Amino acid sequence: MSSFSHLDSQGKAHMVGVGHKPDQKRVAEAIGTLQVKPETIRLLKKNALPKGDLLTVAQIAGIQAAKKTADLIPLCHPLPLHKIDLKFKVGPKSIEIWAMAETTGKTGVEMEALTAVSVAALTLFDMCKAVDKTMKITQIRVIKKSKHERPK
Amino acid sequence: MSSFSHLDSQGKAHMVGVGHKPDQKRVAEAIGTLQVKPETIRLLKKNALPKGDLLTVAQIAGIQAAKKTADLIPLCHPLPLHKIDLKFKVGPKSIEIWAMAETTGKTGVEMEALTAVSVAALTLFDMCKAVDKTMKITQIRVIKKSKHERPK
Amino acid sequence: MSSFSHLDSQGKAHMVGVGHKPDQKRVAEAIGTLQVKPETIRLLKKNALPKGDLLTVAQIAGIQAAKKTADLIPLCHPLPLHKIDLKFKVGPKSIEIWAMAETTGKTGVEMEALTAVSVAALTLFDMCKAVDKTMKITQIRVIKKSKHERPK
Amino acid sequence: MSSFSHLDSQGKAHMVGVGHKPDQKRVAEAIGTLQVKPETIRLLKKNALPKGDLLTVAQIAGIQAAKKTADLIPLCHPLPLHKIDLKFKVGPKSIEIWAMAETTGKTGVEMEALTAVSVAALTLFDMCKAVDKTMKITQIRVIKKSKHERPK
Amino acid sequence: MSSFSHLDSQGKAHMVGVGHKPDQKRVAEAIGTLQVKPETIRLLKKNALPKGDLLTVAQIAGIQAAKKTADLIPLCHPLPLHKIDLKFKVGPKSIEIWAMAETTGKTGVEMEALTAVSVAALTLFDMCKAVDKTMKITQIRVIKKSKHERPK
Amino acid sequence: MSSFSHLDSQGKAHMVGVGHKPDQKRVAEAIGTLQVKPETIRLLKKNALPKGDLLTVAQIAGIQAAKKTADLIPLCHPLPLHKIDLKFKVGPKSIEIWAMAETTGKTGVEMEALTAVSVAALTLFDMCKAVDKTMKITQIRVIKKSKHERPK
């Protein structure tokens, strides 16, 4: 039977103890989408895509945010990330954001991947908000999660 | 004609200068939704809603994140927030998050409200992820933004 | 003969090298007390205890602060906490705060437990200061500290 | 009638809105004590007092912590401190810590002064813990708080 | 007669009180240089300049660091920056970094400009260190500092 | 053939994956110099050297900054430092800063040592800027870097 790992039977929150778990290689991928007006994409393509700074600034913000995950999400455990990767796909009326986080540790890294996507999306939103008042950040979710023994 | 305030005509990013702008009372509201399985809401209602800690932990995470907005989003200006408020509406298969940010300053606070919503959603996601692998954070957007002269 | 690990014979401060120490499971517990007026406890019981947010907010603040210990205390080593726990006991004129920190690492975690207690106490103080001008935070101390080999 | 500014009548926490308050010069002072064994003071006087680094490290930690108050205490408003001061009084079996914080702003700064005292005490504790296992941090309280109109 | 504002006559450090100073527009500019091998510049020009991400990553790191100045430098006052700007000049064996910081406040912003230059230089160093083991960060200094009354 | 580990062949930045690397003891040393006027050194010797707080404040700032390296430099991996050491050498017209960082981990720690030197230099600059407008931070570089197997 499933139960909330962070909540006890009275609904009180607590941080899960992970000291007994093995150190394993853990990888997670998440994606999300910034929905914009087609006109915004047209303007971006004229000024800031593919060679401009727009996506680089969002990528750096996403990497830095992934490192801050345990500072942002109260019941997350701090862990040393071994890799964070972000990629962007520009469509006719959206920018899709993909992020991957990897560690060798005792807990999964899906929150790190989700945090990278979320903050990269907020950063794109910030840079485009002067030209588009109708943007939405949407469909943020985990698409892959795995763990396996560390190589000897 | 609209243009990207954070990007020049070559697509290079820069921080907008706001020193010449007047100090004004500025308020912004944002919302977003965590989509979950109906079964998750049923489990939450049994254990953690309305009296448990779930929403309080998300609210505190959202308030703390709003204060960190300029640390998360590279081209945002730091500003002293005078109020941050979050509210939650639990539906049959979602939790809707509303946030409001207020300051007296030279720039708007929609990024602060959006950051509060995003991190509160991530925090709910973290607390529910043991029972629901299909959640999505979605429809994050600004719903209101205003500025007006400071009262004398 | 005992000596200050963080100070040399001229009183100069330095960070202790811990690279040669084994990784061990380390646990520490600390407690402390917020002394308040009996009237404050009565008001809290009417409004905010046991179901309100007061203790949850303090608990979250304590957990988040424990993760920041090495950022707050200059000569502390950063380490990845595996568990942080806080509990509160409401007496007729006090709130006692207990915290536990656990890691597998090279140094003890009593400073993490003490930091959790201290910041939880400050957070309670902040939430009660409008009704009680006489509060004191007192008797913060380590009550238990242990280390043992990691299980294979 | 007094009431908790940070809690509503159902005990739900919220951040107080301060946008309507005037900017005023605000000062607060707090003190607290680290209780140690007389032998610890004797050792400190031989090695680290009055010329060594012990008190300077604690002072710097206190100043830095005061600047982080709103990051540590969830419902505190961020504000730009104009002065933070710490002083130490070494007694036969204690070190007393005094801190002062000053700003021109919309909210009081007693939490900043208390945070400075608390983190300075934790820092002293950390530096002395190798020689004294019985220390206590105690009697942390506000001793003065004032506000007045900004000079024209 | 000149004297150290942050040190008293016994050499004890303290934070300067600035509450009595007027709010003024304050601007500072700083520069510094990363010295590299000519071969490094050649490689950069082939791969990463002028269109690649190298300078953008350093620029973002410099902007983010300027916002953290008071967290990095113990006796600095926190202040809300209104603009931070960085520019880079690539020479035959060096990259020169220029930064500007602006605020309306009670203290100068040369430390913010210097911090932006320093961290941008460290970031360039980090990205080039795999190909060049002989780099130096050098000649970091203030080149301009001004203050003037806020416009009415 | 050498290549930029943080940049791909199109000049796009990315964080290097280090999950496959062995945990090794890694040490790095860096130095740098604050150039000042001879008169500044004379004034420092009268007031603040060798017994005053000047160098202690810079040392603490350097230690704290080393712990924040991954927060300052976007593509750096977070890692738990086991030791950070700083030393200062006061010459007739300069203060030389030496820093050492040590960890057991998957990546080198030269950026941590360089960050410690840079922020210690900025801190000295801040404390001396009231008496000397001509200071320069210069010659920051790595002087030693090593890695070896962890002792069993």
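Note that the chains take the letters A, B, C, D, E and F in the order they are written out, and that residue 1 is the start of every chain.
Everything that follows uses one rule, which is that a residue touches a chain if its C-beta (ideal position, glycine included) is under 8 Å from a C-beta of that chain, and two chains touch if they have at least 3 such contacts.
Here the structure is a predicted model, which means the values were calculated and not measured.
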Interface numbering overlap (same over half, different under half) for chain C and chain F: different
Angle (degrees, nearest 5) of the CA superposition of chain D onto chain F: 180
From chain E, the most remote chain by mean C-alpha position: C
Per Cα centroids, the chain farthest from chain B: F
Chain B and chain E, separation of their C-alpha mean positions in angstrom: 30
Inter-centroid spacing, chain F versus chain E (mean Cα positions, whole Å): 16
Chain C-chain E separation of Cα centroids, rounded to whole Å: 36
Touching two or more other chains - residue numbers and ranges from chain C: 12-13, 51, 53, 56-57, 60-61, 64, 68, 74-75, 80
Interchain pairs in contact, sorted by label: A-B, A-C, A-E, A-F, B-C, B-D, B-E, C-D, C-F, D-E, D-F, E-F
Partner chain E, residues of chain A touching it in the complex: 51, 53, 56-57, 60-61, 64
Contact footprint of chain E on chain D as seen in their complex: 25, 56, 59-60, 63-64, 67-68, 80-85, 102-104, 151
Chain F partner contacts - residues on chain C that touch it in the complex: 12-20, 70-71, 74-75, 77-80, 105-106
Chain A-facing residues of chain B, complex: 2-7, 9-13, 32, 43-44, 47-49, 51-54, 56-57, 60-61, 64-65, 68, 71-76, 110-111, 114-115, 118-119, 121-123, 125-131, 133-142
